[in-house]
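In order of appearance the chains are A, B, C, D, E and F, and numbering begins at 1 in each one.
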């Protein structure tokens, strides 16, 4: 066989299999694409629902959001998304992504839900690198500690009490591990303070967004 | 190959030439996802499916492929199969999929699979190839599950936790709890535990093999003496 | 600059590909019996891993995303890697027998090293930009090479030790890897 | 539609890669397998065929092709097996039990009274270690004999005998000290 | 008294050992009785054994040559006394293997009659080459232990320029005192021998190195030197550290130079000879006497009367022991050489050879120490005078990793035994090295043999091939011939007038046929060579 | 007459492994007593427990492996491993924790590799790392050193805690344990206190003595003294501790000079935690250390560097065990690349491969 044909055949064989393989995958993709997107949505929603049970709101939580620029007060160095819960068209709560930077080892990523009246709806840990068996008691799967935040607010306990017990505060630490809870308490507290200060701005920003999208919709432009 | 020895294929896949224990291939997923039995089982199944399908395809096309594109073609086939499986799992076993994470697409580079394609499927017809794939996959899954069980029991004190990831909500209460309030032997769950556990399993296989060999030689020797006695 | 340094520290020490992330274990176990071969494998892997990082970035940026076929990423990456590796092998084989002896014979083995595909996938997952991708791949490779070479040194020692029968060979190697991994746990917390 | 795009993109790329590989495999073709030579150099060249291959080189080729195990050469014994495992970077394989100990080195000698000068042994000897002509007494050049024993079966009068190679003080070897704590490995 | 103006250096490692020499230096050197039987091995040196010049039944005189070799590195062997050759056969050799070696057995006649000797009165009338010839004829080998033919050593070759002759009187091994006594009693001969060697290799200096635990010897030599007012010979007292007597170590101590690993002292302008060798040279040149006797230290706690003896080569060890008062009851180990480097013998019915400087009888009923595994403590490395890593050598030798053990310079090991001496795990390290060395040599021999076999095999293969080809060729030629004949016959037939065939056509046909045949033949050739 | 044969040398010698180990054990006594004095009976109880477990495990493994038991049981290495492990553990470590650590050390880290002399990793440190990773909570139960304000336990109380796991009625864990100085410094630095503030803190300040942690200074000082004695006697190689201490000193000094508020001073580094124990007794374990002269310098220095890195930036308060195992990993390569120049060889031919020579020919 001449070299040229030899080369050509190689190319074609590979091409042929590529076509077949891609077709297979393509079809699978078509079949599964919607489901996958749905799955991802559901997963996020489930997490949010842990903080804010679905009966507490009636809007499409996943699509009611404010995009926030990087803000070190929430520990976020990248732009982040705040989820807005509404009930009968009134904003009832917000869920903030918060990062506690002073954990025992590395960042602790959490979601903090705050009712519009300033009380905590709930806190959940999204990811962390604390020592397993020591610092990980903050996970809901490991202990109920994190539920202790429910219903707390800036004044309840008092400002000075937003510490772990060892530091003279109101929150339990874990035996042998003070740093992790300290970091979490601190971060939650900061978030509450943030909410307290910026509540108005946030609501305004949201309303603006809504208007914009409404006008956009009117002018027929899709929202990104 | 008409006189394919199916028994032999099965034995090789499950034990004598076990992908994980003997060929030492596919170690990454093996060690990475075996924190629990269910994770192991999930990845094992995915791998098994990949092995069967890719072996089948490779066997079908084995006469058409020329050497310089052989590896790319095989890889392409395996990758297609894996991606299809990945997408399906993502759709129907979403949570398991997120737990196994990057190791599902990495089945592609599970050298065990390419090795079977090269060593067996490209030389045999479709049925033996599929059986080979199945048995190899089963052997692999077996190791995954064993290691998963060891690590789960030691690490969490449970077995079959999170079964719902794979079998749906009915499986939520399948979890066996061995020790209530077990604080956990973390080593077992952490990376070092995976290596050490695997080392112990391989050693165990060696012990069993040695034992069998001894038995064989002893029985052989007995047979010889017996025949001598009769003669 | 510090962020690149951190990527290197992270990939080499803290999130070592082999001992912590469980990638590239097959060559780690398979090619570590002798120091010399381990060094060869280390060099070859460093080359391929870095290359694969670059290729996968390019493929992602200029093919997958523009055509919106992200779901084909596994296929694309592995195909590109396989072809690049085989191409390199053939060229090196012909042009530089010396280099071939050092690197070439390991090249085919590398296609099925999950670290190679892993680095490509992780780069996308982490949204690394071009330079970050390169550093990530290079760091991962250096981490891989380092533990591979250290491991081979220890294995040469173990090979002459009075290891119990059942543990000879791969069993004790696994346990050794386990203890190495234990030691690497000490780096937890250095960087994230 | 999106499937079509996917297929087109991938197919184009694959064809390109295929062409590339085809081209390189033609342009950068390399002949020969130097590994065989290296393996052959390690074998004892006794040419005895105990490895089940007709001589050392065929065995070397079989090893290189991955068809034969490295522990099949009894004359080479453990040393050769270890050398091969080193060369090929594969795990040492224990020798089959029967050949576990390095076999004693032997040569043959021809009982000159009985030899009828049939020249059959000369034809069998792979290394021309037998001197003699038709109908005349044959004798072995001891220094050339590799101890392969191939000359024994053809001999019609069974006049070829195996004798151990004599050990002189100069060729004597110190033994490996027996460790009192770690029993020798299997 | 001693001129220790000479600057000294230190070599790495080494050990300070209890010398235990005094027990054998109480009395002067005793001449051993003439034995009834002398068993003289033909191979007593490094290099080739010579061919026998005598046969059973021959009468020999003292000093008569009994083997001779044409090899460069070899030395002849002489009859140590007059008598009759009663046997030439294999006898146990004084060798760690305990194997037999070819020996000439002489029954002495008690007359001890010399062959005619040719003394040289004025050494400098002879050329160095002539002197070397004398030394070669006298069968002199190094008496310091290695038994390397001295004639070879004193011929460093045209390029080498020997600056300094070093005479090794260190005698660093414990117990041995033969060199000590030799220096005390034969100082004059020693100085004479030094002068001769110095002249032969035209060395400008001569240093006689003596460990500082032998002040008497130093004094004796010093006296001779000052008596004769020699300026180029100097005696140097060196610190007592084992193994400072090792050639390379001694050179380092005296000159700070290191002999290259793959070289000889001559490469750096030095020559080292043992004191005994120097005396032997004196005897060979000045008196014309070949090397037929040497001084042997018989010592140790297991022998009743330790002493130094002048012994004829071939004398049985048991006789020496007997003359030294016999064994103590608790004697348990017989060692040829010193306690650090010597090897044990299974029996004392062995002949004294040129390289045997000491018979050491031990009485410690030492239970074999429990060997523990190496704990890598590094004690061995810190005492190794060759600056090796003994424990690495040990690991590799014990796992038969003969490649790597050479990477770690196994062959630079001088087997001094320091490492084994300090090893807390009591590992017989030196035996591992000896095992590895002999094993490697053996493999090397096998390799040479197998290379050789491959060549011969290929050669045979090629020959068979050739024969096959030739046979095929012959066959083809025969066929062709036959063919031609046929054609010719046919042509002849065709020549008959009845049929009119064009002769041209016939010729063309024949030619075509030939071409076809050739093609066919080529093909068969090709296929056969493919086989 | 027939004689015994043996290989040279033939001089009986005094050195043996047993003697070596017992000398090291003896040298550990003063420091250990200081620990008992400052930190209570827990140390002693755990040492006894660990030694018994270690010896039993050793005997069991030898029996299974069909090796002679007596020479190994009496060689002292198992006891040494047990003692070193216990000295690194918190004093109130529960019995099962000590046991798991010891069993891991003896069985996995030592005997799976073939027992004495064959293990590439320091058994005691492997045991320690296993337990600190697996049981971080228990590993923080350090007793405060003879300080006021903290309750001190009697022998029986200690025994009860270790074996029973329960505290005497009146006590809480927080009352009888506290973070070690190292841990405290790390924690408080994390909270952005300065070194000075930490040392003078009304609550934590008490645990700091004049140079290192209170009590720890004495323990370390005694280990330093006996360690030096061992080094002088040539039982351990002085280069390893020297390298370790030098590296730690240089690093901590540099950083403390750079920013004295956020980096602990060198004296604190050297006299807190188990540095002297590590430098003279742990890093010097001949089996697992590098063996060449240069290799030993590098080995010691490497441990020092890793200790500093892990102490300063890592998650674990003290990095000794990790650092030691990390350098154990490097020891074979260190040995290989620091081979001494053999007599009569030149440096340039390193690393010498005669195989390569063959190829050239």
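Operating definition for what follows: a contact is a pair of C-beta atoms (placed from the backbone, for glycine too) under 8 Å apart; a residue touches a chain by one contact, two chains touch by 3 or more.
Source: prediction; values computed, not measured.
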| item | value |
| --- | --- |
| Graph separation of chain A and chain C (steps between touching chains) | 1 |
| Interchain contact steps from chain C to chain F (minimum; 1 if touching) | 1 |
| Distance from chain C to chain B - Cα centre to Cα centre, in angstrom | 23 |
| Between chain D and chain B, distance of the C-alpha-averaged centres to the nearest whole Å | 36 |
| Whole-Å gap separating chain B and chain E, where each centre is the average of the chain's CA atoms | 61 |
| Centre-to-centre distance between chain E and chain C (centres being mean Cα positions), rounded to whole Å | 53 |
| Residue numbers of chain E (touch at least two other chains) | 96, 368, 370, 372-373, 398, 403, 428, 431, 434 |
| Overlap residues in chain D, where contacts from two or more other chains coincide | 2, 6, 10, 13-14, 17-18, 20-22, 24-25, 86, 177, 180-182 |
| Numbers and ranges of chain F residues touching at least 2 other chains | 7, 71, 108, 114-115, 118, 130, 133-137, 315 |
| Touching residues (chain side chain E, partner chain D) in the complex | 43, 93, 95-97, 99, 101, 368, 370-373, 397-398, 400, 402-403, 427-428, 431-432, 434-435, 437-439, 442-443, 445-446, 449-454, 456-457, 459-460 |
| Residues of chain E that touch chain F when the two form their complex | 11-12, 17, 96, 174, 248, 252, 258-263, 318, 327, 331-335, 337, 339-348, 360, 362, 364, 366, 368-370, 372-379, 381, 385-389, 391-392, 403, 406-409, 412, 415, 417, 420-426, 428, 430-431, 434 |
| Chain B-facing residues of chain D, complex | 14, 17-18, 21-22, 24-25 |
| Interface residues, chain C side, partner chain F - complex | 35, 149-151, 153-154, 156-158, 161-164, 167, 172, 175-176, 179-180, 182-190 |
| In the complex, chain D residues that touch chain E | 40, 43-47, 55-56, 78-79, 82, 86, 125-129, 144, 146, 167-177, 179-182 |
